[in-house]
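Below are structures written as structure tokens.
Note that chain A is present in both complexes that follow, paired respectively with chain B and with chain C.
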Partner chain A sequence: MTVSFILNGEDVSAKARSADRLSDFLREAFALLGPRSDCRCGHCGRCLVFLDGRLVPACLVPAFAVRGKEVVTIEGFSQTADYSDIAEGFKSAGVESCGFCAAPRIMAASALLERHPRPMPREILEYMSCAPCRCTDPEAIVRGVVAASELRARRLYRRAGQ
Partner chain B sequence: MQDSDVHFPKDLPEALEIMRKRPGIAFFAGGTDILREQGSIGISLPPEMLFIRDLPELKRAGLTERFLEIGAAVTASELLDLGDAALPPLLAEAVRGIGTHAIRNLATIGGNLACRKRFMDSWPALSCLDGLVELRDQGGATWMNVNRLVGDDARPSVPEGGLITRVRVPLERWDAYALRKVGPRTSPTPDTAVFAFAARVEKGILTEFRIAFAGELALRSPSIESTIIGRSLPLSSRESSSIVESYRAAASFLPEGLALQFGSLVDAVLGIISG
Partner chain C sequence: MICVATVRSPTARGSVRSIRFPKLPAGYRSILPADIPGRNAIVSFGAEVPILAQDKVSYAGEPVALVAGPDPVLLEELVASTKVACDEEEPQLAWESFSSDQVVAKRIAVVGDPELAFSIAASVHEDVYTSGAIEHYYSEPQGAASAYDYDKIAVWCATQWPYHVRDSVALALGCRAEEVSVRPTRLGIHLDGKLWYPSLLACQAAIASIVCGRPAKILLTREEDFRFTPKRARSSVNVRAGLGKGGELSAMDVRIAINVGAYGPLAEEILSQAVLACTGAYACPNLRIEGYAVATNTPPMGAFGGLGSSHAFFAMEAHVNRMASAMGEDPADWKSRNVLRKGSRLLTGEPLKEEVPYEAILARLVASSDYRRKYAGYELVRKRRSGRADGPLRGIGLAFAYQGAGAFLSGDSSNSYTVEATLDKELSLRIFTSAAGGAGGVRDVWRGIAAEILGIEPDKVTIATPDTDQVPDSGPSTLSRNVSIVAHLVERACLAIQKRRFRDPLPLTARSVHRVPRPIRWEGGQVSGSPFDTAAWAGTVVELELEPWTLEPHPLGVWICVDGGRVVAPGRAAASLRSGAADALGACLIERVDPTASPLAYFRYALLPLEDLPPIHVDFIEPSRRAPVKGIGELPFDTLPAAFISALSQAADSAFASLPVTPARLIGALGVR
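Now for the complex of A and B:
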């Protein structure tokens, strides 16, 4: 079947089998290598994408289910100001830029800040469990998200003032 | 791998019409359980599927004077977004136990109840809260208590061919409640189960007492509950022991490890209500 949807801001269409997971479909049909299908049970977080603005594990979404929807992968998200705030916040807090979790962690942080602009440590740890990894001390992750939330708030404040 | 034929109805009447023309068609909403269970690259799906996740009638949730009514395709996250004022605390606890934030953005309440392999997180809470489900098929709509989704063998028994369209939860005051998930969480095993408890007290007397426990098998014992309702609080240690023993006997059909944990949890909630 042909699946038409918006991918990283562009209208796209591609043939998909009903058996295709979105994570594999994005790699095979669009050469987007950011989302990876590792655990295929939604828990490793390496395939996180935004589906209509909500963070979801792409390995638990069949490709046909994105018909008419909007998908943003790390490739598209990395072009946004939110991405820059979070990447900078993480860097300032000494959060490792680990090849396994860096991208999903940034996406999970963005989903959190969208809902809780000033998150509490408990909320941060809960949200970041979407992208589990042992590379970084959880306290550094909390500091990184708090730093990112401050950068984001400052940017939004400046924008509102313009 | 054979390609499935997926139908995308725009609304519920169109979905019901497709169901009429194609009896036995499979329903697909969140899909989290089906896709999680198959660790393979490709997924094996039924030959014909009705994609119901976006049906507007199934995406609504709201309060009436006496009920919280939830469309079956409302996701766990959307349910939590209703907030503490709208969502019964026991149900909120159960929904928070579903996967991670990202998985909760996909998992639907209808899918959580319609799973045929095991009871998922929401069933024990909805059982205690006397939740109802609306089933739609060619013949019309039927409301049934979630307790009727349990077969005589204590396994899930969702009527064939019926589409769960709504879940209705009575809004009642509960003075004590508890929810506990036991066993592996990431990928459920036979040792994974959810324990739910709710009680109401009037002038020091237990006027409602409910316990539900479910994993691959479900346990809810109205007969034991009826022997507890009407007792004065605090319960004596003899009363508590006798209740725990009754529940232990009722749980003898569960795997040994689960039965032991169940007994301890019953003991713990009796401690809570006896203060």
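Now for the complex of A and C:
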């Protein structure tokens, strides 16, 4: 079947098999290697994408289910100002990432800040648990998201003033 | 590129009678042991693991054949329809009590006269400490890819030991090692789960690419990885300790059994490390230690954040805490009297060459965690408590351990390790080492060292891609060797360049070589050699509370203090210790793997959620600027489990000796009260 949807801001369409998962579909049909197809049961969070603005594990979404919807992967998200705030916040707080959990963590931080612009440490850690990884220094993660929230607030304040 | 899928043994023990493939479509083919051009084995620390089991199978899920083809979905179906017929035998799964034919490695050490010492000891304390298997839960499942690159076979995989992959592939293909080029990919956090197993997959990928004449890749699914790749070995340590009238440690009798699963590829090293750490950080004049690596028909088991010493430290520290508590003494005081001192004889008879910073570490921990007051208070509550609703169920535990300087103790498979560095005309330094695939933190340590010696900015120091064609062999990235050995080699290479810098024209290149020291020798109960020249020392305090009705343990705080020599990047070192502590705590609380459990166990395995972690405080003893850089990565795994179990035992007023502590065990100990 042909699936048409908006991917990272562009109208796209590609052929998918009925059993294809969105994570595999994005990698194979669009060569987007950001979402990884790892545990295939929604545990590991390596395949997180925004589907109509909601953070979902792409391995649990059938490819055909995104027809007419909007999908944003880390490749698309990395072009946004939100991404810059979070990446900058993580860097300033010394968040060390193994390279595999960085993308889902950044996307999870964005989803959290969208919902709670000034999150508490516990909320931060709850959100970050969506991409479990052994490389995690919880203290640095909290500092990183707090720093990102401040950068984001400053940017939104500046934009509102313009 | 073609994909490769694995046909696995359905039985844990037996012999393969036949493998019946379905009709394979054009472009697909099966690969059997007979298709392997070279030797059907990889060698790790003297043990051989077959690339494809030929006659005998030793664990359920062992690879017996491969199927290669372009479509991974179709491959999955083809593998599912392949029938492997085996003559099944009764699998050997017992390991705490075992038969002699299961022993793949054995170590015995006797010092002094333990029997006499026990006969005159004022008190004797005995217990058995067990720790379970743990999944490495690395970021990406294991995999490898292979392709011809002109006159070479190129291999890509995430590995801690690129030169082991190269030698293994060469052996499997029957070619010279120089004809294989290994190009390591991003490794992530591995916790020693990618030490030797990537070599096996690299061999399978290389064989497939040779047989099919096309680039080939093999990538395990997360479920396959969970069920069939190595986990942390399970262990059982029986500790019997005799104390003199003043409470001094006078005799010890220790028996260690480690379940290394099938083939035991790391058995020799794990057992050596465990046996040599058996006395913990304490001096004992009379010892008898027996260690056994026991093979079972489960997937090969092995390393996890270290190669075996954590099993021994857990048992010894938990036992010491229990003995001190039984004598009505604060374990911190008992440790203070019995801890090793400079000149104390180690198990091998060698004198300890450095001071043990126990008092300094204890003082820091006491100040930051309020350990002494809390311990005394919780002891009082424990003794006066009449039931679980009577007062808070709280406990606090302290453990102390060391991490040696990264030498292999069972003899090394290579003769020397090398690092090369080149300072070019633009005053940029390039470091060549095969250990560069590891975590980013260690590369910053190398950069910091090089920049300081040469007086250049750290961003002028680059690390070469660890392609075996381009970089020398710097050994496996385990036991914190990238800090304890490779960092020294970087330092020596930079010093050599600095020495010639204003005398000879640029570019300047220097190589530094680490000669593997004399390995430990085990002969008739006598052990000789030097287990370590220098060590990092650490103490950990864990405080926890038991929820009175659900009996869930809630850690309230973790305090770690480390004397790790010169700390080049304190922020990164602290972050590494905090993430190690989080992993060790998860292993104590919820992580458990039963290699014989149903495949569905995979779906239940989880790491400790971040929000359940307590505050983790990390502190360093400031050394002099001339102190060596030491490896510290294993210390949370060496110290935290014992501190946790001691805290739990105090909170529950019940002696726990097994990790992980399951709810059933807690309810059994406390629920009826």
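Here is the rule we use: the second predicted complex is superposed on the first by the 161 of 162 C-alpha atoms of A that agree within 3 Å, B and C clash if a C-alpha of one lies under 4 Å from a C-alpha of the other, contacts with A are read in each partner's own complex, and residues count from 1 in each chain.
As a convention for this text, a residue touches a chain if its C-beta (ideal position, glycine included) is under 8 Å from a C-beta of that chain, and two chains touch if they have at least 3 such contacts.
In this text the structure is predicted, and so the values were computed from the model without any measurement.
In the superposed model, A:Cys41 lies in contact with both chain B and chain C. By the document's definition of touching, of the two partners only chain C reaches A:Gly94; chain B does not. Contacts of A:Met1 after superposition: chain B is touched, whereas chain C is not reached. With both structures placed on the common chain, the touch criterion links A:Pro62 to chain B but leaves chain C unconnected.
In the superposition on chain A, A:Ile141 contacts chain C only, with no contact to chain B. Once both structures are placed on chain A, chain A residues 17, 19, 39-41, 43, 126, 129 are touched by chain B and, in the other complex, by chain C. Residues of chain A touching chain C in their complex: 17, 19, 36, 38-41, 43-44, 46, 94, 96, 98-101, 122, 125-126, 128-129, 132-141.
Chain contact summary for the complex, chain C toward chain A: residues 73, 136-141, 186, 188-189, 191, 221-223, 439-441, 571-572, 574-576, 578-579, 582-583, 603, 606-607, 609-611, 613, 615-616. Per the touch definition, chain B reaches chain A in the complex via residues 1, 3-6, 8, 28, 31-32, 35-36, 38-45, 49, 51, 53, 77, 99-103, 105-106, 186-187.
Chain contact summary for the complex, chain A toward chain B: residues 1, 17-21, 24, 37, 39-43, 45, 48, 51, 54-57, 59-62, 64-65, 67, 108, 111, 126-127, 129-130.
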